[in-house]
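In structure tokens below, several structures.
Each of the two complexes below includes chain A, the first together with chain B, the second together with chain C.
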Partner chain A sequence: MVKGFGGSTLRIDLSTGTVARAPLDPAFARAWLGGRGFVAKVIYDEVPRGADPLGPENRLVVTPGVLSGHFAPSGSKCCFGAVSPLSNGHGDSTVGGHFGPELKFAGYDLIVFTGIAPSPVYLFIDDDRVELRDASRYWGQGTMDAEKMFKEDLGEDFEIACIGPAGENLVTFACIGHDYGRQAGRCGIGAVMGSKRLKAIAVRGTRALAVHDLPALKKSTMEIIKRTAQHPNMAPWQKYGTAMFVGWSNEHGVYPTHNFQTTYFERFAGIDGQPLVDRLLVSNKACFGCWMNCGKYSKVLLPGREAVYVEGPEYETGSLCGGNCGFDQIEQVAYVNWLCDRAGIDTMTGGGMASFAMECYEKGLISREQLEGHEMRWGSIEDFEHWVDMLVHRRGIGDAFARGYAAAAAAIGGGAERLTCQVKGQGMSGYDGRGAPAMLLSYMTADIGAHHNRAWTITMDEDLGKNVIRGKAKVVVYLQHIRPFFDTVSCCRLFWGEVDVTAEEHIDALRMMTGWDDYTLDEAMRLSDRLWNLNRAHFLERNGGPGRRFDYPNARFYEEAVPSGPSEGARLTMDDLDVMLDEYYVARGWGKDGNPSREVLLDLGLDACVANLERAGLLGGLMEPLPPVRGERYKPKAF
Partner chain B sequence: MTVLIKAGGMLTDYLKPDVDAFTRRVEGPDGATLRQLLESIGVPPGHVAMAFANGGLVTLGYTPRDGDVITLRPPVQGG
Partner chain C sequence: MRIQVAPDACTGCRLCRQICTIEKFGETNPRRARLTIEAQFPVPGKYVPHVCDQCGDCAEVCPSGAISRRADGVYVVDGELCSTCGVCFDACPHGVLMKGEDDVPYKCDFCWACTEVCNTGALVRAE
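After this line comes the complex of A and B, so read on.
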């Protein structure tokens, strides 16, 4: 067994109720590390290309990575993955908290679910004891209520990951909840879990993880703890978390407002981090092994409603469920956050979808009659709450929204497509790319659709010029390799991004755990490159090509100028997007059509992708010689 | 007026610390705003998401006083 890992894998066929256990293959572990690495490899190899993401052949993959569960910089994460019902391509989403470490303590690095259970079940894991159990008692419960019930029934020391009614009813942007308010939010993995009638996974693990060089790991981690405790970012981060960036994002003209119609929200002061801390905060909250404890646990009191508790709002919720939906009070944003969490809806695509519905209502594209006599006004809690109910229970027009942006736009008609702020079906994160072109390129090219965590570029956009199109693609590629690395090894990216724990220090920890003394950051970056190309090939094999045609956002982002705020007048054209894409494809070693080339795939050892893409006529031709290193680290002007 | 300015992350590259790994001693004219002070030493104010004076949240329009400890927080990089 490779040290650092739990040592075992589980294969669970929900159709037959069979559970198969096998040891983790050391070669597989070294090649793919875990987290999104395991997900990408499993679903590429096993899910038939024509399979419905919500059908029995899709895989639901649950996997903590190698750093998860260790005394190292916040090894707290667990990755949930599948073919996404939003993009029909690779999907993965990670959640912090305690679930991933607990799974490792029980001895498991990978669980793969196939099939569909005849009736609702949950997976019970108590170290070696693994059982599928009846979940009819929990079915229909919201995520926090279900988690509470599981803990009451099984014990507080079980960690729970579960879906809510949205996942049960196959809302394509349903999430998986854990720890009363954390989510594996993106890519609709909760819908895949619901399609399998798997309500939850409950796990208790009591084993210690084997570590190759425990004294060295302890010494290194203690030094990191002491150093980061003095870091100037630590105290502000602990106090405000991510919520304070509403104001910053607004002042920089990238804050999505009224379904990305503009990028400045005049009434932002009521939903910034300060009112959260002043009016809602109950306590800070930490993930496993974390000394940053940036989570914000909040109590929300809205007039005429019972008090509710929610973790957050984080920045993304504060933008997409904030000014983007016209809410100008932090209590409203937090309440909407709670509504989505309870139902098991991703607040990002959910907030974006709600704002899309609001703009459709504003423009007369959907009627009060379609909304069962209700309206869908900016900043209305009542309207939002009713819309969520229609969505989750798939009533009327709610069913169209539940199926995703393309289905909703088709059902609504009247040119609603141009109002769908997404790429590849994934709703945009909380930054408008017209004031930051590289951020838009990041959305356009991300393997899971328009998500910010693959490459966040806004300060670089500011440094090089908010109107500058050229010269940024290589940096986007670099970020798309370094940032997902943390999702592969399953630790929190914030220690790298906010308090200067280097990627090399994470590799040091990996070596100390596993004994892979020759493992380097170069090998990890090469794995990131391999994963990116594998996921691109997978997407093309499932959706056809050329890849370029999937890489454009909706027309708002290349036809409309920003009408107000600091980015007023900012406008990108289709030519601008094409220039960025051309540079990006060159930097990756892809063809002008956006398809990976034979050269880059062979260089990365993805021979199977070459054969599959060649058979489908989807291999790209190199535009320029293959770059030996894909991506370029950006150095600020000060260097 | 002399103040200590602390910053980490990407702001460190602009700040060029000289006291310790995160801190730079900065002298400026009395009455200058924090924004003016930062511009004078090459720290782009646009890259400062939050600023604190002696632990209290301030805006870039704040007028630092002699002996202040100013902490700068860059925008979120990892989220």
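After this line comes the complex of A and C, so read on.
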């Protein structure tokens, strides 16, 4: 057994109810590390290319990574992955809290679900005891209610990951909830879980983790704790969490407002971190082993409604369900947060989709009649609530929204596609790329669609010039390798991003856990590069090519100028986007068509991708020779 | 001397439970920790740490004299004397007298590792 890992894997066929256990293969562990690494490899190898993401052949992959559960900077994560119903390509989403560590303490590194259960079930894990159990009494419950019921039935010391009604009803941007307010939110993995009639996973683990050099790990982590406690970012981070970025993004002219119509929300002061702390905060809430505690647990009192409790709103909710939907009071944003969490909807694509519906209503593209007599006004809780109900229960136009941006735009007509702020079906994160072109490039090229966790570039965009187009692609590639690395080893990237815990220190921790003394950051970056190319190949094999045609956002981002705020007048053209894509494909070693080249794939050991892409006529031709020293690809001089 | 608890400052991170088992058992296994964090969710949404305050209730009920008070005020368990009758567990007002695999109780001996790792002020070493 490899130290640092749990040691076991589970394969569960929900159609037949069979559970198969196998030890974790050490070579597989070293090659793919865990988290999104395991997800990418499993679904590439196993999901037939024509398979419906919501059908029996898709895999639902659940995997805490190697750092999860350990005494290391926030080893708290667990990755949920599948072929995404949003993009029809690789999808993964990582949740913090305590679920991943608990799986590790029970001894598991990887669970792969196939098939569809005949009736609703949940997976029960109590160390070696693994059972599929009837979930009919939990089916239909919201995520927080279901979690509470499971804990009452099984014990408070079980950790629960479950879907809500949105996942059950196959809303394509459904999430998986855990710990009363944390979510594996992106890529619609909750819908995949729902399609398999798997309501939840409940786990309790009581074993110690095997560690190669625990005294060294303890010493190193204690030093990091003491050092970062003095970091200037630590105190504000602990106090406000990510909510403080509402004001920050607004000041920097990247805050999505009214479905990305502009990038400055004049009434932001009511939904920033300060009103959250002043008016809602019940307690600070941390993930397992984390001393940054960005989670804010809130009690929300809206006039005429019962008090509700929700974790958040964190920044992405505070933007996409905040100014983007025209909500200007923190209580409103938190209430909408709660509505989405309870239903099991990703607040990001969910908030973006709601704002899309609001703009369609504003422009007369959808009618009151289509909304069952309701409206869809900016900043209306009543309208938002009714829209969520139509969405989750898939009534009328709600069914079109549930199927995703493309389906909704087609159903609405009238050029609604231009208002769908997304790439590859995934709604944009809470940053508008017109005030930060590399951020837009990051969305355009991310393997899972328009999500910021692969590469967040706002400060780099400002350092190099907000209007500068050229020279940023290499940095985006660098960030797309380093940031997802933290999802691969399953810890929080924010220690690296906010309080200067280095990637090398994470590699040191990895060595101390596993005993892989020769493991280097370069090996990790090569894995990131391999994953990026694998996921690109997977996407092309499923969706056809050329890749380039999938890499553009909706027309708003290359035809409309920002009308107000600090980025007023900022505008990108299709030529700008093409310049960035050309530079990006060169930096990746791909062809001008955005298809990976034979040279890069072979260099990364992805021989199977070469064969598959060649058969489909989807291999790209190199635009420029690859750099002779591979490490150069991972350390751009501009950064 | 005591572990001063400020529940409002607890974030539920469980670093204290991790370091406790690393310190006392040489392993990462929070479930064996000598203190607990009660998560009161979804309502009222608070974490409450429970720690040993060396009150001595466990020693008082022990029929075999296996739990005794050290000169520094810390109560310690002598496994040799323990009859594993288990009455001590119910006597602990904080639920932090833990049962070992051999049914012998084990408990906090004020090593202070939890107070050293806690950086929110939820657990503080106080004289």
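The rule we apply is simple: the second predicted complex is superposed on the first by the 627 of 639 C-alpha atoms of A that agree within 3 Å, B and C clash if a C-alpha of one lies under 4 Å from a C-alpha of the other, contacts with A are read in each partner's own complex, and residues count from 1 in each chain.
Keep in mind that, in the parts below, a contact is a pair of C-beta atoms (placed from the backbone, for glycine too) under 8 Å apart; a residue touches a chain by one contact, two chains touch by 3 or more.
Everything quoted here is computed from the prediction, not taken from an experiment.
Asker: Counting only touches as set out at the top, which of chain B and chain C does A:283 meet: first, second, both, neither?
Answerer: The second partner, chain C, only.
Asker: Would you sort A:462 into first (chain B), second (chain C), both or neither based on which partner it touches?
Answerer: After superposition on chain A, A:462 lies in contact with chain B alone.
Asker: With the two structures laid over each other on chain A, which partner does A:497 touch: chain B (first), chain C (second), both, or neither?
Answerer: In the superposition, A:497 touches chain B alone.
Asker: Return first, second, both or neither, reflecting whether A:453 touches chain B, chain C, both chains, or no partner chain.
Answerer: The answer is first: A:453 touches chain B but not chain C.
Asker: Looking at A:229, would you say it contacts chain B, chain C, both, or neither? Reply first, second, both or neither.
Answerer: After superposing on A, A:229 lies in contact with chain C but is clear of chain B.
Asker: A:1 contacts which: chain B (first), chain C (second), both, neither?
Answerer: neither
Asker: After lining up the shared chain so the two structures overlap, which partner does A:245 touch, if you call chain B first and chain C second: first, second, both or neither?
Answerer: The answer is first: A:245 touches chain B but not chain C.
Asker: Please give the residue numbers of chain C that touch chain A in the complex, ascending.
Answerer: Interface residues on the chain C side: 8-15, 18-19, 21-22, 25-32, 39, 41-47, 116-117, 119-120.
Asker: Using the touch definition from the top, list the residues of chain A that touch chain B in their complex.
Answerer: Against chain B, chain A makes touches at 230-233, 235-237, 240, 242, 244-245, 248-249, 252, 274, 314-316, 452-453, 456, 458-459, 462-463, 483, 492-500, 635-639.
Asker: Of all residues in chain A, which touch chain C in the complex?
Answerer: It comes out as residues 69-71, 98, 105, 144, 147-148, 156-157, 179-180, 205-209, 211, 214, 218, 222, 225, 229, 238, 282-291, 293, 295, 297, 299, 309.
Asker: Across the complex, what residues on chain B touch chain A?
Answerer: Contacts found on chain B: 6-10, 12-14, 16, 22, 42, 44, 46-47, 49-50, 52, 55, 57, 71-79.
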